[in-house]
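What follows is a pair of complexes built around chain A, which joins chain B in one and chain C in the other.
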Partner chain A sequence: MTGNPFLQALAWLAEAAHWSGPSGIPMRTLEHLGYTALGVFVAALIAVPLGLLVGHTGVGKSVAIASAGAARALPTLGLVTLFALLLGIGLTAPLLAFVVLAVPSLLAGAYSAVESADPATVDAARAQGMTEWQILTKVEIPLGVPLIVGGFRGATVQVVATAMLAAYVGNGGLGRYIFLGLTSQDYPQMIAGSLLVIALALLLDLALLLLQRVTAPRGAKTA
Partner chain B sequence: MRIHSSRRHLLGAIGIGGVALGAAACGASDPFEEGGDTGGEGGSGSDGGAADSGTVVVGSQAYYSNEIIAELFAQSLEAAGLTVDRQYQIGQREVYMPELENGALDVLPEYTGNLLQHYDSEATSASPEEIHTAADEALPDGLRLLPFADATDQDSYTTTAAFAEANSLTTIADLAGVEEDLKIAANSEFEVRPYGPEGVKEVYGVDVTVVPVEDGGGPLTVQALTDGDVQLADLYTSDPAIVANDLVPLEDPESLILPQNVVPVVSEKVDADAEAAITAVIEALSADDLIELNRQSVEEQSSSADIATAWLAEKGLV
Partner chain C sequence: MIGFENVRKEYPGGTLAVEDFSLEIASHESVVLVGTSGSGKTTLMRMINRMVDPTSGRITIDGDDVASLDPVRLRRSVGYVMQASGLLPHRTVLDNITTVPVLRGISKRDARTRAHELMETVGLEAALAVRYPAQLSGGQQQRVGVARGLAADPNILLMDEPFGAVDPIVRGELQQELMHLQRDLKKTIVFVTHDIDEAFLIGDRVVILRPGCVVAQIGTPQEILADPADDFVASFVGADRGTRSLHVERVDGRDIVVDADGRAAGVLTAHAAARSGPAGETPS
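Up next, the complex of A and B:
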């Protein structure tokens, strides 16, 4: 085990045997993406409606901002351990921790999307006789879509970079390479796992950035 | 105790500097003083340091259980009329073995298998006696092992009492007769260890799948077993959680797992009197004793000194 561990990590990635089977890179990457998607999806079910409501009505604004800020400070490994002690090993514990991780970005995105709509435009919509629901769905949300997508972007990048922790409590994902490499002093494998997570995070960030650009309504002021 | 232990790991991690720091904090009688000035490597010889010739220096690893054993030795030596200087919580083998070699430490509790592998990374498992002999031979000149204790602190295939009873399990070999697919909760390194799935298949003909739980035999690993997510867990045999949760470490008649019996490493300064005092502790220290000593530390937060005093009195050694 001599030589540059980064070059050895690249050699590890290039080995054909690591690209097949249930513990191969394609399968582990799919698991990793699955955990990420599930975590962000569940978080979105909670955070996006809540953010839109807070943004539209202004009710509970300070509470939402404060609790989202506090949630950002929670250490995810601590949450995984805590939830696993309460719920046992398996996917539920890390998934809950990923939801807690993803909610603040999504909430902030949804909330600021609605709030950033030009008050004059909203007033005009109201003057034309639109209901509050119509104002939200036909004016505020379409104008704020890039910010909502921005919330998804932040949440996704955070969760995909943290989803390795699923492997801490008996699941799959790219974390398996990182933990196995770490505990058995197989550092090329550990670095290879890390490189895969980094690549995945960068790809998702880029994809959601493009989506953010594409969804920007024509002629709208950028916030 | 747990909070302390993380701080102690940190101390261990910073290596030689940590030793110098920790030793300096222990006051005037500092055998590392000379070594510390030269980066800890400049051996001062068996006559060096602040310790005078009548003092036996007892060290311990940065591991709470190891410190308790060191304290047993220390109090037993004191009861025999010797002067003892305690230098506990000295990081890892890479740090304290040189200190033993250069005479700054005289006694330290070790574990036979890990000590052997420190000097011979290719060493394979064998009986406790063979590992003890091999480790003694591997030690550098000037150091030797005293006899080993019945107490061990090693990896294990541990199951619940209920599962052991339902399937009539006593040894790892009995697992071969179990119908269901066997899963073991362990750190992921277990997968590639000689005593992992490949080894147990080869030696005992048993198929197990590893469910990686990365807390090193901690509460999550124990819980995976007690919840029934897995039928087996890799726990350290001296872990108080084994008794607390009514768990059964399966016996390993073929020595698949490297034995880790508690054994004192001693320098030439340990004479017949000192040797007798230490050996008396070793002869009395059973596997259950070590678990009980650890339990008092983990669950009752007792200090190693109090735990050692009570145990030595109970065994009639002081």
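Up next, the complex of A and C:
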């Protein structure tokens, strides 16, 4: 193999054959997005209610912060390998690792969203006769939506950039090109796979940034 | 009628906010709790709608112990106007005013009709209904706060330094308008302030509090000025500095009221003696 591997990677991307079929780029991208969405979704089911609860009540604040920090420090490749050894080849192991990866950002986003509400505003809402649930859903969440979306943004970008590890334990996604290229020393293919992952991560980041802007509550000064 | 019976409030950690406070507030009466910061006056007021629960003692509304009432329902039945308005920043003026009626299950349409009336009552232009609080001046925000407090037509209105954050001229206007409102509405008002002039203006009765919520004196503004209970009260109302001691000088056949520094404060008219305003107030 001769020549500049980056140019060869671009040539690889340009090849029409790589854009069709079950192992074509569109299919692999969809798989990749699917893993990301599933990982973030499952993590959100756990982390968002927990973050809102911690933010609203202040109970378990230090535990939540400490465990989120600890979860951030876990190496995802190690987790994927460990879960795969425990659970076998398949989607469950990488998915679990993605959930662990996504939880801290989502937890921090939900928690800080509630925490960021002006205490005077919350006090006023309570004094008007709102129940705690109404304070959360009518005051704290609407005011904190951009921060919650920010949590999704952080989690999504991290998971989408890591979702190539799914292929490491026998799944699809854009990681297939990377690990296939790695084992067959096909560096152009490996680079092409990496470029696709990077492009996807940047696109999602931008899309969620726009969503963050759009969801900022009217009338309130944006945080 | 609101009753405080031997109310005590101690915070965890031992801070004593209220030592032993008793007071009866008649229906349709406006009572002003006045004291320096840390006197526990806001704590006292917030016990009425259970934003704070006493450590011991009882607070009653028309004979019912508030501790036996559901806090959420109680708060929806008591108007609350707070410092710096406390409006919800993500809701329009109209939606802020309709908050409590809507929580109480009144239809949005009826609540909005009533809110428009209230905006007129408190002197807000109809065009402001769709604005957000951040787009209003401080005085307008306070007016919205008052409208919101009145929206559910409560018998009791709690006001926590409602005009503290606006400039003196706007404050004067708001105070006058509150008094006009009260003349028509006859609410039971509990008003908290650290401004003794505001207290004398608004209050049928004034409760002067020392730190620890110890009552220094309770009385009408006239009674307090006529006979300050002690040096603390005298100092608090400014009697010791001469700012309250006005005397009359006859100039060109008219009686001019002059303060201790010799500054003219007003003209004494024939009806002045019959007026029921506090002595610090002079006809203008």
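Some notes on this structure:
Note that in this section the second predicted complex is superposed on the first by the 223 of 223 C-alpha atoms of A that agree within 3 Å, B and C clash if a C-alpha of one lies under 4 Å from a C-alpha of the other, contacts with A are read in each partner's own complex, and residues count from 1 in each chain.
The criterion applied here is as follows: contacts are C-beta pairs under 8 Å (C-beta built on N, C-alpha and C of every residue); 3 or more make two chains touch, one makes a residue touch a chain.
Since we're looking at a predicted model, the values are computed, not measured.
Judged by the touch definition given at the top, the superposed model places A:179 against chain B, while chain C stays out of reach. In the superposition on chain A, contact is made by A:139 with chain C only, not with chain B. Judged by the touch definition given at the top, the superposed model places A:218 against chain C, while chain B stays out of reach. Of the two partner chains placed by the overlay, only chain C lies in contact with A:123; chain B stays clear of it.
In the superposed model, A:131 lies in contact with chain C only, and not with chain B.
Between chain B and chain C, more residues of chain A are touched by C.
With the contact threshold set out at the top, not one residue of chain A is in contact with chain B in one structure and with chain C in the other.
The touching residues of chain C, when paired with chain A in their complex, are 46, 49, 51, 72-77, 80, 82-84, 86-92, 99-100, 103-104, 132-135, 148. Residue ranges on chain A touching chain B, taken from their complex, read 81, 84-85, 88-90, 167-170, 176, 179-180, 183-184, 186. Within the complex formed with chain C, the chain A residues making contact are 118, 120-121, 123-131, 134, 139, 142-143, 217-221. Of all the residues in chain B, the ones that touch chain A in their complex are 185, 187-189, 191-193, 211-215, 219-220, 223-224, 227, 229.
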